[in-house]
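Just so it is clear, A, B and C label the chains in written order, and each chain counts residues from 1 on its own.
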Amino acid sequence: MRNPHRTQKIAFFLLLLATLLIVVPVGLIVVIIIQKGLPGISWQFLSDIPRQGMRAGGIFPAIVGTVYLVTGAIVFALPIGLLAAIYLSEYSKDNFLTRLIKLAIVNLAGVPSVVYGLFGLALFVVFFKLGASILAGSLTLGIMILPIIITSSREALESVPYTFREVSLSLGASKWQTIRHIVLPNAIPGVLTGTILGLGRAAGETAPILFTVAAFYLPFLPKSVFDQAMALPYHLYVISTQVPNVDEKIRYGTAFVLLALVLFMNLVAIIIRYQFRKKKKW
Amino acid sequence: MVNAAFDIKGLNIWFGQIHALKEVDMDIRPNEILSIIGPSNSGKTTFLRMLNRLNDLHINFRMKGRVMFGRSDINKMDIETLRRKIGMVFALPLPLPLSIFENVAYGVRMHGEKNKNRIAAKVEDALKRGYLWEEVKDRLGESAFKLSGGQQQRLCIARTLAVEPEVILFDEPCSGLDPISTAKVEDAMLKLKEKYTIVLVTNNVKQAARVGDRTAFFLSGELIELDKTDKMFTVPRDKRTDDYISGKFG
Amino acid sequence: MVVRKVKEFIIEKLILICGIASIFFVLLIFLFLAKEGLAVFKIVSPSSFLGGKSWYPISEPPQLGILPLILGSAIVTLGAAVISVPIGVGCAIYIAEIAPLKIKEVLKAGIELLAAIPSVVLGFIGMVTLVPMVKNVFHLPTGLTALSGSIMLAFMAMPTIVSIAEDALYSVPKTYKEGAFALGATHWQTIWRVMLPAASSGILAAVMLGIGRVIGETMAVMMITGNSAVIPQSILVPVRTLTATIAAEMGEAVVGSEHYFALFAIGIVLFVISFAINVTADLFLHKRQ
């Protein structure tokens, strides 16, 4: 008969191994990018335009482009996402429509990013004739991050105790007043967390902007939302696969800036969540 | 003199398949304290929440019968007006996550009052009538969660008074309180009776005996008996009432 | 009072509209993929599109068979699943059942960190570390192979698999576990015979969503699989996936050309696959509740 305790030891060892196989490479990736990327970072790298066919100079236009895109995406997705979350948490009944909405959200979250790119191309660039532009790219990214914002906002709204709503209604406040003055203020940290996570996602995505906005090389800043723009993730793709002989320092430096930007946003989201839990009054 | 009273005929309430209230006929008179007693699941809280239509929030809620509030059918009234006229104090102290001041000002603001001085005056007046003013007048800006349980419950009473209701519903208001705080809340109720109609749902038979003018006894969704409190507690007409108030079940 | 009511009426209608916006967007995506993509079937039949062995979209006349691309996606996905399912579920068990509380938090943060890293960054790292490694270990002419893609994608599927599987394990009622312990089972026996079967539908959903993530992944896979649109004979050769084909070729395709339509038709295929996976996974997740 096998010894169950020895079996357990072996099994637990294998489980630990599996865990380490995931977590250790994650750590290594971050360490490598910091180690090789940080030396390439300078004020000049951050503030200069790319030069000599992107083999020298900086990445300023790509940073600016990404900031524009992310801002545009959030301006579009936050109001719609928040109101959709309010609908699901406060108004929806347990019926077919609600199930359909939830299913649609699950599907939006699962659509491959490159398909968003195709959709943005067909709808915004071609059909609405916006051309490859910041507007088209922002809208595409906005729809892509909508499920993230809806899901996290809804969780935040639903975590506000039901009794607060009852109290407010019992005092003669209308449903919307209750949402506006009681539910929303207490859900804001959660909504903010989701929004920032959505921002991080939008900042890092490449495929949706490939055909909707991203410029291969554009040594000046966009002047309006109808202009093309460079973007950090696409720039990293370009200099690592499309342009030969780019200095390692520039490639790692770009990867570092992108990673730092995304991780910074995630960190902010985590801090807000943590502060909120600590201060929670009920 | 406020003339608020309910007249209830043929009231039935269902939650999905559950028949929570069955053929209830009764009235509630102006300026009385009506105590409602009964074991848990007897329908007494459902009855209370029917009066300000809080049951409507329940997805499977269904109601039959006619409930008149004064001269209006409650189901035909503007729901916010109805709820403003019928205040409610919940079982547990439920301050809103706002300051002490804002808790009381909330209802006033929601009804459209914007004048700061008038709001402040109403808050002060309500806190005085809820017997809380002296204890909190120097810390109105603090979070309401910093108050003790008894203070919080009096804050909830003051909050209800601030919107100037005609009726106040109490849903087991002392279930979470110690005897001293309970006595304070009961005192407050007896004084409020002069101006308001009070409906008190309570698990505590003795509390009903102490404060109620009349008492209604609910069992399994039926109104078994409704009578003057002293009469019900001395010569109940129904055997089940006798059993309940003498503590044989419940 | 009346003004307020009108205002609230408008706001509530707006909320309803935004509530159903998600449905609208899903339909809109499908509609526009179909609008641009279905045109390709005027040139090729659906069966020769899906089953055709040659993908030469810019030859004259174009050959639009996506079988090599489907097989490319399939081999990379299969490889990724073989790697990621045991490791991912194992990690989920470790986090949910074995790790002490503090380590658990660190591990979860690590997994969240992985989820946050942009796919183009992972692709870049894969190019400079994984690809040379595969090349040297197997003595290949190039490390840009299906295997490299599988390893990278397995890694990228981990956050999805681990977090959903961990949720599933976590939501198994405590009484099951206590019951097994009371019968004298070891911790591992409890996990293997009680916890895993009880959480099976959630774990299945986790695996499906992880695979969905793999099939849809674009940038990393494009950067490290070598992009060769031929039917793969082994896992150690370059392949091209459905997603990578769209991303790599759409930039050059002329709007309204056969090539353009064909790339949209690939988009339809991807959309349908992701739709099927997500709906099924959702069913499994709800079965659990």
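The criterion applied here is as follows: a residue touches a chain if its C-beta (ideal position, glycine included) is under 8 Å from a C-beta of that chain, and two chains touch if they have at least 3 such contacts.
Being a predicted model, the structure only gives us computed values, none of them experimental.
Chemist: Centre-to-centre on C-alpha atoms, which chain is most distant from subunit B?
Modeler: Farthest chain from subunit B, going by C-alpha centroids: C.
Chemist: Report the most central chain, judged by the distance from each chain's C-alpha mean to the global C-alpha mean.
Modeler: A
Chemist: For subunit A and subunit B, let me know how many angstrom lie between their CA-based centres, rounded off.
Modeler: About 48 Å separates the centre of subunit A from that of subunit B.
Chemist: Roughly how far is subunit B from subunit C, centre to centre by C-alpha average, rounded to an integer in Å?
Modeler: Roughly 55 Å, centre to centre.
Chemist: So the centre of each chain is just the mean of its C-alpha atoms; given that, what is the distance between subunit A and subunit C in Å?
Modeler: Result: the chain centres lie 17 Å from each other.
Chemist: Got the subunit A residues that touch at least 2 other chains?
Modeler: Residues 174, 177 of subunit A each touch two or more of the other chains.
Chemist: Listing for subunit C: what residues touch at least two other chains?
Modeler: 4
Chemist: Touching at least two other chains at once: which residues of subunit B meet that condition?
Modeler: Subunit B, residues with two or more chain partners: not present.
Chemist: Subunit B touches which residues of subunit A in the complex?
Modeler: For subunit A paired with subunit B, touching residues are 93-94, 163-174, 177, 181-182, 185-186, 281-282.
Chemist: Please name which positions on subunit B make contact with subunit A in the complex.
Modeler: That would be residues 52, 54, 57, 59, 80-81, 83-85, 87-88, 90, 92, 94, 96-97, 106-107, 110-111, 143, 145, 156, 159-160, 163 of subunit B.
Chemist: Flag every residue of subunit C that touches subunit A in the complex, lowest number first.
Modeler: Residues of subunit C touching subunit A: 4, 8, 11-12, 14-23, 25-26, 28-29, 32-33, 35-36, 86-88, 90-91, 93-95, 98-99, 107, 110-114, 116-125, 127, 129, 155, 158, 162, 186-189, 191-192, 209, 212, 215-219, 222-223, 243, 246-247, 250-251, 255, 263-264, 267, 270-271, 274-275, 277-279, 282.
Chemist: Can you list the residues on subunit A that touch subunit C in the complex?
Modeler: On the subunit A side, the touching residues are 4-5, 7-8, 11-12, 14-19, 21-23, 25-27, 29-30, 32-33, 79-81, 83-84, 86-88, 90-92, 97, 100-101, 103-119, 121-123, 126-127, 143, 146-147, 150, 174-177, 200, 203-207, 210-211, 233-234, 236-237, 240-241, 251, 255, 258-259, 262-263, 266.
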